[in-house]
Each structure stands twice: as structure tokens, then as C-alpha cells.
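These are the structures in question, set out in turn.
Each of the next two complexes has chain A plus one more chain, namely chain B in the first and chain C in the second.
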Partner chain A sequence: MSKELEKAGLTVAIVSAMFPVAEQVRAHRIVKGVSIPHPCGDPSLSPELDARLRREIVQTALKALETEVKEPTVFSPNMP
Partner chain B sequence: MRLELADYPVTTIRLGRNFSYQSEVLEIDAAALSDMVLRDGRIREASFSVVRPGDKVRITGIRDVVEPRVKVSGNGQVFPGILAPVESVGDGRTNRLSGMAVIATAEYHGTIRAGLGVERSALLDMWGTGAAASKFSGLVHLVLVMRLREGLSELDAHTAIQLAELQVARRLAETTVGIEPACVEVFDLSARRPDLPNVILIQGCLTDDHHVHSGVSYYGLSIRESLATVVHPNELLDGAMAVNTTRGIGYSPIVYDWQNHPLALGLCRDHGKRFNFLGIILQRIRYETFHGKEVIAHNAAQLATTLGAEGALITWLGSGNAFVDVMLTLRACEQRGIESVLVTYEYGGKDGVDSPLLFYVEEANAVVSTGTRDRWLELPEAERIVGPYEQIQILSYPGAPIANCKEKLTLDAHDMVIGGVDNWGQESWICSAY
Partner chain C sequence: MTTVVHVLNQFFAGFGGEEKADMPVAVIEGTAGAARGLQVQLGEPGQIVCTIYYGDNYFHEHKDEALKALLEAVRSRQPQVVVAGPAFNSGRYGMSCVEICNEIAKTLAIPCVTAMHEENPGVGSYRDFANPNVYCLRTAESTAGMADALKALAKFALRLARGETIGPAAKEGYIGRGIRRLEKAERRGVDRAIDMLLKKIHHEPFETEIPMEVWDDVSPAPALSQINERKLAVVTTSGVVPWGNPDRFKTYRNTHWQKYNIAEVKELEPGKWEAVHGGYNVAYMNKNPHYGVPLDALRSLEAEGKIGGGKLYPAYYVIPGNQGSPAVMRRVGQEIGSDLRNEGVEGVLFVAT
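Let's turn to the complex of A and B:
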């Protein structure tokens, strides 16, 4: 999906818990997600920590969108 | 651990008034078996049919398939933790009725409507293109057709179906007690030759740890998020492994597959000749974080190293992201100097041009394909339906169109045929184009 969107001219950051699979299909901007059922947060954390983590993941993704890349690049959010 | 597997081949099953086995003919008292099954109040109807290879019969509502076995000496009884107390099995003598199986079919609607926990059942054609897609078409079957009480939970339904099929199968096998077998095969890995390489089988198992039945059980206990462990192949022969019987799907090995695990059997038979077979590493896969996948890969490979493995056969059951765990395991083994071969089915899409596997590692340089699960399958019109369903949904999503089972069917993948996906390389396949 991220590759098709890029073909259409949109810059994409894909958040994925299976980041090596995203690398293999040569997605450009890959953000490490938490877990397959919940890539963008962690329901086992307290609501406050989860909110902080979710913000961190989104900010990492935004940073990835702003970054020039030539090949698949993995961006790692700071996870607790 | 030394197990004698005594073989009693069956070519004919007769529904009669007694239980007997003689000259490859099994006579059964179907009324007595129905009474036994109906003692469980969760089952409201139970009947039996015999089907043979070549019959223009389509079996519907398949939940599981089991080969009748009974232990006549040694510790414990077949299906420990389910039919019998948890006692170590794999020793002594076990009688088997070969060439036949009990197919458990059941009408059950389920309380879960979508997702991986939803009830599923499969088909089997005994003739034509459907038969060519499954090894089970080559066996004589006693089909147990059950209707369950309305409103049962998934766990209740599973327990009822499983107990019924396993009790029936054991009762059939008991007809062999005291009779001379056609042949006896001995399974004994105790002696090793120091001049031969040591080989291990790593069996990855996708399990859904959040479901009431995770999909695979060991001595009746669902395997959930656990580290890898070592089991003896003889335990498989005595029914240590079983499955969730509310979900009969072509790509999920069933009890018969575990009893007759082709890779385990092949390794046992060549033990002491081509290599020393060290045993089976049973590995839970489908960790939901990449960290989990890395750890289970390391864990299985570390266990293989500790056991002294020089070669590993790696195989799996499941689908989707669990394959990442499998590939990481292969890499972890290779990094420790263990030569590894992967045995897997392929995807490849309807036309065979899509990616055959979800994930690759460089170290996967020896892969055995057991064929695709993705191709279309056209099934001709059947003469007779055996099973609880006259109509089924071909696709499993809620609201999918209903088809008449007896008519010509077009399946979009082999998943709906029991045995339709050759998980562990039981069959011979030829690659026609590559």
C-alpha cells in the first residue's frame, strides 16, 4: 500500500511492527511499531505512558516524512 | 523409549451388530457407537456412514480426522490428557488401524462471528479433482456425523467433538487386541552412531494464545505463549498432540497429521542409517512483537545447539506473520553452524505469479516446497453428501453467499479441503513450470 501511494506521488511513512517485512518489500520510510495487533500504542501501559508513546510514534513518523531517503530506512521511536 | 507400532490394515468397514477385526475387514456396531457418543448431552444427534475411495461422495462439516489406535502395553493410553490421565506415552506397543480414519463432522454455528476464533469446517471429495487435492481421499473412512446442542460455547463444542471422535477411534482400535498384526514397526532412537551427523526437527506451531483453545495442544493442554521445548517423536505416535476441533481448515494439520507426521516418521526411519535423529523441538510461533519473534528464534536454535544438532529440518503450521518466526529460526540455526532445510507450502496467488513466501532471509538456501495453497479448485457435482451440511458458505466472511454442497463448486483456495494443503510434505508433487 505504501508503495502504491508513493507511485501516486504521496510521501509515506509506514508504521509496522514487522519492520523487516516492510524493508523486504522496499518501503522507503519505515517506523518501528509496537506489536502486530497494536502498532501505534501499547494498551498494557498506563493511559499516560501510552499517550506519550503514541505521540512519540507519530512524531517519529512525521520526522521520517521530512527526511530524504534513498533506500528502505527504519526510524525507531523511543519506546519505554 | 521404544515403541512398537503394530499394524492392522483395513480395506473394508462394515456397519453391523458387533465389533470385530479380521482379514482387513472391520465390523462395527454403529448403534453402540452412537449410544456412546450421545452419552454426552452436548451432542443431540450422532450417526455413522462409511465412504470409500472413488465414491462420488462429498463429505461436509469436517472438524478433524483421526486414525484409530490403542495402547496394549507400556505406560499410559493414547491421547493422554484428553482420553486418559496425563502419563508419559511413547513406550510399549500401540495398535493402529491403518488405511482408514474416523472423520468427525459436526454442525455447529459458533458464538464467535469473525476473526481467527470463528468456527470453520472443511470438505473432502472421495473422487475426481477434489480427491486429487487431498491424501485423505485414499483412505476408507468411518464418518461420524454430529449435530450439537444449540448455543454451545466454542470450548464446549470442541470438547464434545474431540471426546466423541477419540472415543470412537479408540473403540475401533480395541477390536485388534489379542490379534496378530500384519506387521510391527519399531521406533527407538536410543542408540546413536558417533560417525553420523545429528539432526533435529524443529516444528513451529502457530497458536492463538488468547483463544479458549489455542489451536494446538500437548497432552491436552493448549500451547500458548511459551518457549520452545523438546518432545519425543514416539509421543506423537501415541496422540500427545491434538488440535482445536471447531476449526477444520486445509492449512491446519489435524490429529491424523500429528499421529502420522511425515517428517518425524521419515527421520525416525532413517535414524542410525543416514543420521542420528535427536528428536523434535516444538516451538510456539506467531509472537506479536518483533522482539518476541527474535527471542523464540534464538531459543529454538539455542536448544538445538545444546542438544548437539548439526542439521535441522524446519517446518511449521499456520499462516501469515508466524512465518517471520520460522525464517528467523532458520537464520539463528545457520548462524550457529546448524545446516538447515525448510519445508513449507507456498502461496503464489491464484495464477502462481505472486510472492510465494511472506518473508525471506539470505540463509534460507535450501527450501523444500510442498506446493501451493492458493490455486483455484473446481469440484464436480457429487452423487451423495455425507455430513451435517447440505449447504455451506464457500468464503468464510459473515454474510458470504450460500452454495449447495452437492452441486459443482468453485473453491478460491485449497483451504476448504481437509488435507488440501500438504503442510509437512506427505505427498509427492511435481513442479510443472519454474
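Let's turn to the complex of A and C:
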């Protein structure tokens, strides 16, 4: 699906815990998600740290959108 | 003696071309058009009891009625096997052959075989249905391959009618639909895997036991400079939807997408949103929908000017991705992509579960 969005001319950052799959299907800007049932955050953290992590993930995605890539590239947010 | 029903479109049944594409389902006792050729190939052991035909457009414009009439005609004849096509590279015909076979196999438990060119869009539906009682054989692109196609169909139909075990696609030559069957191997999985790995390391040919879907390649979209001036949107396969699931998404195999308004929404409160998805435990997402649609983070970045004011598209797009077939997800991606473009969006945050 994300590749069809790219085909339509959109720049896409995909947040996924299954980033090897995203790489395999050759999505180009891949952001490491925390886990499959909660890609954008970590419920084992306190609500404050969880929210901070989510911001970090979204900021990493923005950085990915700003970055020129030639091949599937994985961007890793700073996880606590 | 094997009894066979042959299903054809109006053209191959000999009733005319595009001007006759609106004709409803009809039945001829015995053979007509291409069915005569199939009867020749079946020879003594097989008999076509009737030929069922329909207009190419009629089928797609009156699908429920058409399928009902077809099922009724087949049910009353109780054949041992149904043959549809060959459809070569005719899209409408190929699609109808596949849908008819699937319906007959599903409802009447009669094995079916059809045939078409590998690039016929019907092949995508055939793979999606993955009906173990429906087989699709490869044909040439055009009717130049008619004789070969009828010969192959006749042979395969007789085998199906006899209840013969049909082996894997690669051995039998039909088009694979991704059904994996258990089989007993001589050697343990770990030994076979190491063999494969060694062959791979030595650049020798090897055959995987789990073939993966082949993906087409797209060149990377350009980077977005000055991201805070770009219009962005969220798309997700997490299945986060308004509480109560107003658009009746299923937990698997969805075929449609939705966008939900977040223009006035600062954060997604639990109890107002829920996750519909059969492929992961939705408990975390229900407690905090931001795990799928990180709106809280986006709003705080917006407040700081890292995302431009009003640059976050006021709705997010969603389809629960569980068991979505590649063909459906491609179509959904195309539809969402074109909607985003029309709305002037440039960058997408895609959250996949």
C-alpha cells in the first residue's frame, strides 16, 4: 500500500515494527516502530516517557521525509 | 463417462461480439461454439451435457442475477466437472470465469477449471479466492492458442472428474494460488534449510519451500525540504476507527478504506476510538489509540512550528490491514494516493501494524 502512495508521487515514511518486511517489499523510508500492537510508543513506560517516545518516533519520521534516499533505508528513533 | 458443463461468453459461444455483450445467461443442451472443440478433445470419456453462456457486460452489470442463473443451470445438470473459458487476455471474460468457478465450487462443491493468459486480471481474483477446488491453466495471449488451451482443459477436467489428486502448481502447470499443503518430507526442516543456505552461499540454484509474493519496484520519492511548510497526512493499517466502528470494518480481509475527521481533535481519547484488527492484540491500541495514530505528538510538533500550522491534513486514512490481499491493498493504496494528491498532500506518515 505504501508503495502505491509513492507511485502516486507522495513521499512516505512508514512506521513499522516489522521493518524487515518493509525493507523486503522495498519501502524506502522506514522508521522502526516499537512493536506490532503498539508501533508508536511503549505502554510499559510511564505516560510521560511514552508520549516522549512517540514524539521521537514522529520526529524521526519527519526527518526521514526530509532525507534523500536511494534504497530502502531504516531510520531508528532513540528508544529509552 | 464423465459429465461436463462448459461455460462461455457470448462471443466464444458463437452469438456475436460487443453488440451482443448485454445478453443474459442462457443454456444450450449439448455444445455450441468453443464447446464443440472441447468435446473433440474430451473424446469418448467425457460428455458436455450443456453449454452455458452470457454477455460479457451483462455478467458484470447484473452479477447477482447472472451467478444465480448460472448456479441454477449447473445444479440441475449435476455435472462432475465445470470448464470455463479459455479467456486468453480478455479481462471481463477472465474475471467472470474466475468468479463463476469460485461460486460453483463454493456452493455446489463441483470442481472447476478455467484457463487464461497470466496477465489477465482474472488471475489476481483467482489468487485472492485461493479456492482449492478451482484451477486456472495458462494460455497464450490470444485465440491463436485455442487448440492448445482446449486440449489442456479437457485433460485437466477429466482428471478432476475422476477425483485424481492434483499436485503442486509448479509440477502440474496450473497457475499457483498460494495454497500450502502439508507434505511429509524425508529430511528434517533444519537439514533442508541448511542445504538451501549452503547452495545460496555457493551461488547454486535452489528452490524455496515458501515462495514469497513478488513485489514491483518503485523509485524513491524525492525528499521534502522545509518539512514545516509541507502538507502532511496520516495513513494507517492499524484499524483505529471511531468508537462503535461506524463503517463496519471487519477484523480481516477488508476491501474498503475510510478517512476520519480530526480537524478539531487535539488527542484521541480512549473510549472514543477503538482498533478493529484481527491480526494483533488490540488491547494497547484501545487504551491509547495514539499507538496507531500519533495525533498527540503531531499536535505538539504543530504547536512548536515543526509541522506548519494547518499543514496537518484534517483527516486520517485507515483500513485494517489484516490479511489484506496484495491486489486489494494495491487498489486501496492507489485510491488513497489519488485522494491525497487531490487534497494537495505531499508527505505521508504511514503507521503499519
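Quick note on the criterion: the second predicted complex is superposed on the first by the 80 of 80 C-alpha atoms of A that agree within 3 Å, B and C clash if a C-alpha of one lies under 4 Å from a C-alpha of the other, contacts with A are read in each partner's own complex, and residues count from 1 in each chain.
The rule is simple: contacts are C-beta pairs under 8 Å (C-beta built on N, C-alpha and C of every residue); 3 or more make two chains touch, one makes a residue touch a chain.
All values derive from a computational prediction rather than experimental measurement.
Three-chain overlay on chain A, with chain B and chain C in a clash.
By the document's definition of touching, both partners, chain B and chain C, reach A:Pro37.
With both structures placed on the common chain, the touch criterion links A:Thr67 to chain C but leaves chain B unconnected.
Look at A:Pro20: by the touch rule set out above, it reaches chain B but stays clear of chain C. Counting residues of chain A touched by each partner, chain B versus chain C, the larger count belongs to C. Within chain A, the residues touched by chain B in the first complex and by chain C in the second are 17-18, 24, 36-37. Against chain B, the residues of chain A that register as touching in their complex are 17-21, 24, 32, 34-37.
Across the complex, chain A meets chain C through its residues 1-18, 22, 24-26, 28-29, 33, 36-41, 43, 50-51, 54-55, 57-59, 61-62, 65-71.
Across the interface of their complex, chain A is touched by residues 212, 215-218, 220-225, 227, 230, 232, 235, 237-238, 280-285, 287-288, 290-294, 296-298, 300-301, 306-307, 319, 321, 324, 329-330, 332-334, 336-338, 340-341, 345-353 of chain C. Residue ranges of chain B in contact with chain A, taken from their complex: 288-290, 321, 324, 358-360.
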